[in-house]
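Structure in structure tokens, see below.
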Amino acid sequence: MKLQINTSNVVVALVAAGLVVLPLYSQLTGNIFILTLFTRIIIFALAAASLNLIMGYGGMMSFGHAAYLGIGGYAVGILAHEGIGSGFIQWPVALAVSALYALVIGALSLRTRGVYFIMITLAFAQMAYYIASGMSRYGGDDGLTIYKRSSFGGLIDLSNRVQFYYLCLGCLFGGIYLIWRIINSRFGLVVQGIRSNEQRMQAIGYHANRYRLVCFVISGTICGLAGALLANNTDFISPAGMYWTRSGELMVMVVFGGMGSLFGPVIGTIFFLLLEELLSQFTEYWALIMGPLLLLIVLFARGGIMGLLGRFNRG
Amino acid sequence: MVLVEQSLNGLQFGLLLFLLAAGLTLVFGIMDFVNLAHGSLYMMGAYFAATFTAWTGSFILGVLLALGATLLLGIALEFVALRHLYGRDHLDQVLATFGLILFFNDAVRLIWGPAGLALPLPAWLTVPVQIIPGVYYPAYRLSIIIVALAVAALLYVVVMRTRIGMLIRAGASNREMIGALGINIKLLFTLVFGLGAALAGLAGLMQAPILTVQIGMGENILILAFVIIVIGGIGSIRGAFLAAIFVGMIDTLGRAFLPDLLRMVLSSAAASTAAPALSSMLIYLLMAIVLVVRPEGLFPAAKR
Amino acid sequence: MKKTFWLAGAMALALAQPALGADSIKIGFVSTFSGPTAAIGNDMRNSFELALDHLGRKIDGKPVEVIYEDDGQKPDVGKQKTEKLIQSDKVDFIVGYIWSNVLLASLKTAVDSKTFLISANAGPSQLAGELCSPYVFSTSWQNDQTPQAMGTYMNQKGVKSVFLIGPNYAAGKDMLAGVKSTFKGQVVGEEYTVWPSQLDFSAELTKAKNSKADSIFVFYPGAAGVQFLNQYAQAGIKAQIPLYTAFTIDELSLPLQKDNALGVPGAQQWVNDLPNPENKKFVEDYRKKYPNLRPTFYGAQSYDAAQLINSAVVAVKGDTTKKDAMKAEMEKANFKSVRGPFKYGKNHIPIQNFYLQDVVKDADGQLALKTVATIVKDSQDGFHDKCPMK
């Protein structure tokens, strides 16, 4: 991958640099909230990036990605509730359970294509939602408050805002680096090949569904990590966070930024969540603007923001 | 006795779901269009009916006006925005119509306020009637069953016995072909979308007196309708009909008898918590099984 | 492209907006202003605004600034808004919270930052027990108190058996448990429905009808209460088995429930016709300021929250850094509540009377809630022993 100087790369570099120096700005101005807000944005960006891996590169339209946010979060929450506070146990469990869930769901869902795939992933996520609602020991519908964030010995203190922010940012950059390595690996090229022409890849001798499934599990695991971060960020986990509209929002973030673009989900998430925050300051009726905006982006700006930036570059 | 009544409850719920699913499966089957905003049209039907009934003072008149209004709204929506999404990726359609859900919810809040509306029934529909000796059933729920069965029969006749129905069936199995035959496909699509919208509106206004007229009322039930058309086979009215009754029965009978069944194996407290969650899961479980075993649904529309 | 930059600039500006430096009392108000339950949030805001009008928009001579935030009935959003109010707006008090789960999610942020939080509705048992805090006060009740009063009333009426129906979430379970703790008759059935998605109660009503119970007790707040009453009346059960309720009929649901609610009793710590002068002023001025609307108990609790804040700030002569003195003052409940006098337990939950309310037609032929009797005096929640304070 040769690094080019063009508008989209400049914007991405500026955004990345901005995210790195944000705590400094927060410290200087005393504006703590901006740090809280961006911690949340970064976590959702990681979730959106994981969704982008299967949607943008793998051609798998998962309408149930919020389930992983919930599963990763509940793994942390339930272990904390049972007195196991160590992040060295909580986080690997969160990742493992997410991966396992993705493996089972993926193995079943990948037997279907197109809109059936959208619907079956949705159905499984709704099932996860109802399971969480039925766990009365862990709060059921009311959710579970996490009184102590995951502890990592003396390594890092998650209750410290700046340290937690950098941990999340590190996870985001790490996740994106991983995705970049994947899509440029032989494995990633095969997955992308399957997206554009499954029959040909099958004919060459690649077992399409096996490749898809591995990709699906990687995506779910990364999203599970985002779930563990989110639970630590909100000190709280509830089934409401796994409802199907949350899955829809994750898709919107990916498409706003530009599907199949490495940094698109990050830009899209920043755009979506900031716009929501900003509009809700001006008017209670923010969805009146957000809804049609989404429609317009789908109709006229297929590539999302990154696509627009690319177009600007060429024109 | 209890079983008869609970089965009627299940049938009534299933038929209501059919009204919603029929429009969805028509639009899905013919235009290959995933319309998440179908639930919003369902909501608009209920709001229109409540408003028109209050204006005219007549339930029947209000209902008829509301049906016309949702039909027009559907046609307008198709004309302005949605027709540009035919032939697009399903993902695009899902996202664009997800945006419409956001829009409609806030538009309704702006116009009618956040509190929701009431759609009162005329007195003759509020009494329970004796259907078999000793079993009373609410007259209005009975009327839902009758209306929905009539609509199902009418749809069957229209789709199977008329020229437009022939085109619809042709469109569902081969879209390009009827275009090639010189049929005004744009007009056909607009009409079908309007019909689907009116069916959604009918479902919304029929349930309004027993359930509610409120913002977001279409979202939960929309997902159920999707489950139904996937189980029944996309594009198949017959499949939607059978799957809807099936889902309605499972949901109602699950809620009615699952708690007692669970109490035999679990403690009472655990059973009463687990049962509602489990009975709502049953339907999704059923759909997952159907998709894994028969990805085309149980009664797929004939293809190509 | 330009547009993107412009938007980004606007966002940066809006977020960087400096907090108002003026010497004012800042109050954050978190409630639900969007979605199906926004009507409740609006009523709370209306009542809080009215209370500020009555205080001359000033507390101890200082202007009051209220920042309203919408939690969308979602716990994580509520928590985020609470963080924003505390960290970015640096409010002195934070008020509101309709939902137990939103409150529980937000609680830690407020307590950790030592910001006074006043719950104007939500009353989960944890708040009264192990999670009680010096910085948290309630102007409402603990969940169990209201249904306990209803259970007591059913004993007084000589009800022999009951069929319980409620939503399957913590408050729903608290409510049914509350009735069971005081009701002395037999509980013949207990059904939980999926919350908030299940709106059709036909299966549960059929079971209740066939259980041959003496009575039915339900808890369905908001729109679900409207649906339940509709279906209860249409199934013809109203003529057979009387209904007893908690938080199912209020001034917001009544215009939608209409005649179906006529004669259905409920228990409440505040009813619009309570005869004390503060309440008369509150209800009259509310109806004048917001024509066609009537205040609800949610509003009354919000009105009281403003009065409670006023009492605390006046006691420290406007110096809101004196937290201990403000806490001590609030513990006295030293203000004229629209529910009449009440005391605080050591867990900062009111010890108060509960009244029987009935739905009647008023002089204009309109449906209205009316106080019929006092069911219990000075009721205290059952969790105060678990609160480690004092």
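Note that the chains are named A, B and C in the order they appear, and that numbering of residues resets to 1 at the start of each chain.
In the analysis below, a contact is a pair of C-beta atoms (placed from the backbone, for glycine too) under 8 Å apart; a residue touches a chain by one contact, two chains touch by 3 or more.
Nothing here was measured: the structure is a model prediction, and the numbers come from that model.
A.B. asks: What topology does the chain touch graph have (line, ring, star, complete, other)?
C.D. replies: Per interface graph, the chains form a complete graph.
A.B. asks: Farthest chain from subunit A, going by the mean of C-alpha atoms per chain?
C.D. replies: So the chain farthest away from subunit A turns out to be C.
A.B. asks: Taking the mean of the CA coordinates per chain, how far is subunit A from subunit B in Å?
C.D. replies: Inter-chain centre distance comes to 32 Å.
A.B. asks: Could you grab the centroid distance between subunit A and subunit C? Build each centroid from C-alpha atoms only and quote it in angstrom.
C.D. replies: The mean C-alpha positions of subunit A and subunit C differ by 36 Å.
A.B. asks: List, in ascending order, every residue of subunit C touching at least 2 other chains.
C.D. replies: In subunit C, residues 33-34, 168, 173, 194 touch at least two other chains, as defined above.
A.B. asks: Using the touch definition from the top, which residues of subunit B touch two or more other chains?
C.D. replies: Subunit B, residues with two or more chain partners: 105-106, 109, 273, 276-277, 280.
A.B. asks: Which positions in subunit A are in touch with at least two other chains?
C.D. replies: Residues 130, 133, 136, 140, 287 of subunit A each touch two or more of the other chains.
A.B. asks: Can you tell me which positions in subunit C touch subunit B when the two form their complex?
C.D. replies: 33-39, 42, 168, 173, 190-194, 197-200, 202-204, 206-207, 210, 223, 226-227, 230-231, 233-236, 252, 255-258
A.B. asks: Could you list, by residue number, the parts of subunit A that touch subunit B in their complex?
C.D. replies: So the residues of subunit A in touch with subunit B come to 55, 61, 63, 108-109, 111-116, 118-120, 122-124, 126-127, 130-131, 133-134, 136, 140, 244-245, 248, 251-252, 255, 285-288, 290-295, 298-299, 302.
A.B. asks: Help me check something: in the complex, which residues belonging to subunit C touch subunit A?
C.D. replies: Those in contact with subunit A are residues 1, 4, 7, 10-11, 14-16, 33-34, 70, 74-76, 79-80, 83-84, 87-88, 100-101, 104-105, 107-109, 124, 168-171, 173, 194-195.
A.B. asks: Touching residues of subunit B toward subunit A in the complex: what are they?
C.D. replies: That would be residues 28, 34, 81, 84-85, 88, 90-92, 94-96, 98-107, 109-110, 219, 223, 226-227, 230, 234, 269-270, 273-274, 276-278, 280-281, 284-285, 287-288, 291-292, 295 of subunit B.
A.B. asks: For the complex, give me every residue of subunit B touching subunit C.
C.D. replies: 1-2, 5-6, 9, 12-13, 105-106, 109, 113-118, 120-121, 126-128, 136, 138-141, 209-212, 214-217, 220, 252-253, 255-256, 259, 268, 272-273, 275-277, 279-280
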